[in-house]
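Labels for the chains are A, B and C, by order of writing; each one numbers its residues from 1.
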Amino acid sequence: MTHQLLEINGLVKRFGGLTALKSIDMSVGEGELLGLIGPNGSGKTTLLNIVSGYYNADAGGISYEGRAILGDAPHQLARMGIGRSFQVTKIFQRLTVLENMLVAGLSDGKASRSEATARAAGLLRDLKLERLSDTRASSLSGGQGKLLEFARIMMLSPKIILLDEPFGGVHPELKRFMHDQLRKWNGAGTTIILISHDMGSIFDLCERVVTLSYGDIICDGTPEETRNDPAVLDAYLGDHHGSA
Amino acid sequence: MSMVAILEQSLNGLIVSSFYALAALGLAIIFGVLRVVNFAHGELYMLGGYAYFLAVSTLGMPPMLGILVATMALAAVGALVEWLLIRPVYDGRADRPEEYSIMITFALSILLLNLANSLFGPWPRRPEPLFRGGVELGELIVSGDRLAAASVAMLLIAILLAGLRYTWAGRAVRAVSQNREAAAIFGISVTRVGMLAFATGAALAGTAGALMGPVFNVVPSMGIIPVIKAYVIVVLGGLGSIPGAIIGAIILGQVESFATILIPDPSRALAYKDAYGLVLLVGILLLRPEGLFGTKGRRA
Amino acid sequence: MTLNSLRATGLAATLGIFIILPFVLEDYWIYTVTIGFYYAILAASWALLVGYVGRISFAQTAMAGLGGYASALSVQHIGLPPVIGLGFGVLVAGLIGFVIGRLTLRLHGAYLGLTTIAFAEILRITITAEYSLTEGSRGLQVAALIEGGTRVEYYFLFLAVTVACLALMTWLLRSRIGLFFQSIREDEDGAASLGVNVTLWKTVAFAISSAFAGLAGGLQAHFVQLITPSMMSLQEMGLVLAMAVIGGFHNVFFAALGGVGLQVLLEALRELGEWRLVVFGLLTLLILRLMPNGIFGALFDALAKRLMRNGNDK
């Protein structure tokens, strides 16, 4: 029986008295570029954190490429091909851009330093960061930092990447560049789950949008369907459409 | 055990608790406001003891005045330390603030210890206590100096709690403890509150030292064991929690009081005496770092 | 001159100086510098843990004592030759370090610091209390490492071991493991998201740092031929911290220099008595506040800047 790349079944997560995820069922197929939206507190980041191994769940299961992964450590999942970014970038400030890349490239112990450096150089070129290779990450601008985080994740050669608000505070031209990169990687086979409040980006990039509200999935469909769904409009109170 | 004996042990426990509480509260306030674990707290306590000694034995002041001198002196020291050493944590001058604050207070503790050693020598001093002789409370007999010292301590704790609750400065301290940014937005000078917190914390430690000094001797290393107890209390109660510190102090005082009579004491067990508090500290930190009343997820 | 050749020159010059030193110094100072090497290894191994991995620990001197006592006692009771005893000391310290590293995984910052202080003191108190085995505070007589060795012989032995330790540490820190260590210091969650086994490397770091400390402790014990629990005290820890901070605790070589340098200074300022430690304490506070890279770090940075200004490569 074929399976989807990522299957989430009956996932429940509670924090003390608060139920952040009520019982999430969703599947993500290989090659999808999926948007995950919802008002603040709807559980998007919580879901991401569970899938990437930072939180455990109170009930339910997750399977990735057919095997159960709930409870695995983040570094194990990273090596299996699940990459993720963070809302506030976690680049290594006192290391150089290249060193940031090498941590990802060398972490599984398989590649040699020269191989990893060559791959890093390629990715940095794609993202127009190659001139900053030996610069300390702390000297980068906010936008460059976000690009570096992308580049680092791609060093893992991930099958699926989970992006948490990657466009926060990014100016339009850089955002367009990021969109192009994401489309390019998606086209080459990388599955992408994108959390964003930036509806423009979501509707621009994603063929499928999943909407969360108070820990429940209230809509799962195309951007058009989502835009017109009454439950979604209700959850957002109608003031998020078209915001860039 | 007779009822009288039990009551006596319990009272002794309460007396000791009051001293611990004073020192522990100082630690709790400093952490609550500045998010700094003051590794030099034991030495501030020790300096309080020496301040009292200088005031009473060297300058001949009456004991109550000696306590006041110690409190004021340590408040000044605390303010100075905050201004010179702790402030960089907040105004962006320290590259790695968390690491820095740990190392600088540790280095300060070593400095103060050696300073006291050099200035006063390692031999113990016994300044005059607040009250000499025994006191009879019905059938109980308690040593007067301990009782007097404990009474002063409890009075100070009451004043502190009242101050935190009812004065503007106290509310500012609580506000900054709960949410530094919000407090700043509301116009509270967080820098000044920080200095106030460290000064208060130091003053509390120093007063505890001044009260305990006549009872247990003033010596440069006098702060080392009490500060472990203060850490145990504060960690047990939850770092930064004021009620937690008080309850923790009461628990520890009672446990220690009864443990000394209930546990048979072969000479080796005595040698390990100082380790018990440490083992308790490790236990709490490893098993329940947020303590009984602290909030989870706060990383010191 | 490039930055790399500046580094190489500095290293060569320093090594050269230390090789020549025994031929120009009196016996007393040769002895002092030898003790300085003990502190050099301690300061460097502490810098590895605190400066590179970002895990604060006040248990370094306790680990040294553990290694020293393990070595001394194994020689005394099992009849091992001192060199093997040293190895045993390294093993014991490394193992205990591994355990402490494992237990403290979820602790950070001051909580971690407090826990290591508690562990260190528990170890010291235990060794003091078990006086039937360790002679407690009276001190334990320890077999000599080199039978009838001269001060010069010990000097060169210690120098060789120190150089070997620093070489090993540098090799480790320049490798991918060094990158993992630093990524953990910078951002643990970020490191984990990139495939770094944070749990493993935090534990290994503590073990390695403790193993080096254990080696230093063993060497010291078999050199001075006496070991007491006071070498595990927090006072000694404060001294090691001072040495690493003043030298520069983000670089093992600078920290090591701080170790030797401060030990020599300690002896040179003998007449100040207890006040020496007060001076060091003040110096530590000043350096922490004003020169976070330490004296040697600041010196190197200044020289490097000079080079760059002269239009040479980075």
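One rule holds for everything that comes next: contacts are C-beta pairs under 8 Å (C-beta built on N, C-alpha and C of every residue); 3 or more make two chains touch, one makes a residue touch a chain.
Predicted, not measured: the structure shown is a model, and the values here were computed from it.
Trainee: Counting only chain pairs that touch, give me the topology of the graph as line, ring, star, complete or other.
Mentor: Per interface graph, the chains form a line.
Trainee: Using CA atom means as chain centres, which chain is nearest the centre of all the protein shown?
Mentor: That would be chain C.
Trainee: On a CA-centroid basis, which chain has its centre farthest from chain A's?
Mentor: The most distant chain relative to chain A turns out to be B.
Trainee: Mind checking the centre-to-centre distance between chain A and chain C? Centres are C-alpha means, answer in whole Å.
Mentor: 42
Trainee: Between chain A and chain B, what distance separates the C-alpha centroids? Give it in angstrom.
Mentor: 48
Trainee: Averaging only over C-alpha atoms, locate the centres of chain B and chain C and give their separation in whole Å.
Mentor: Averaging C-alpha atoms per chain gives centres 32 Å apart.
Trainee: If I count partner chains per residue in chain B, which residues reach a count of at least 2?
Mentor: Within chain B, no residue contacts more than one other chain.
Trainee: Write out the stretch or stretches of chain A touching chain C in their complex.
Mentor: So the residues of chain A touching chain C come out as 52-54, 73-75, 78-79, 83-84, 86, 90-95, 99, 102-104, 106-109, 113, 134, 152-153, 155-156.
Trainee: Using the touch rule from the top, collect the residues of chain C that touch chain B in their complex.
Mentor: My answer: residues 50, 54, 56, 58, 103-104, 106-111, 113-115, 118-119, 121-122, 125-126, 128-130, 234-235, 238-239, 241-242, 245, 273-275, 277-278, 281-282, 284-285, 288-289, 292.
Trainee: Quick one: which bits of chain C touch chain A in the complex? Just the residue numbers, please.
Mentor: 176, 179-180, 182-183, 185-187, 189-199, 314
Trainee: Within their complex, state which residues of chain B touch chain C.
Mentor: Interface residues on the chain B side: 36-37, 39, 84-85, 88, 94-96, 98-104, 106-115, 117-118, 228, 231, 235, 268, 271-272, 274-275, 278-279, 281-282, 285-286, 289, 299-300.
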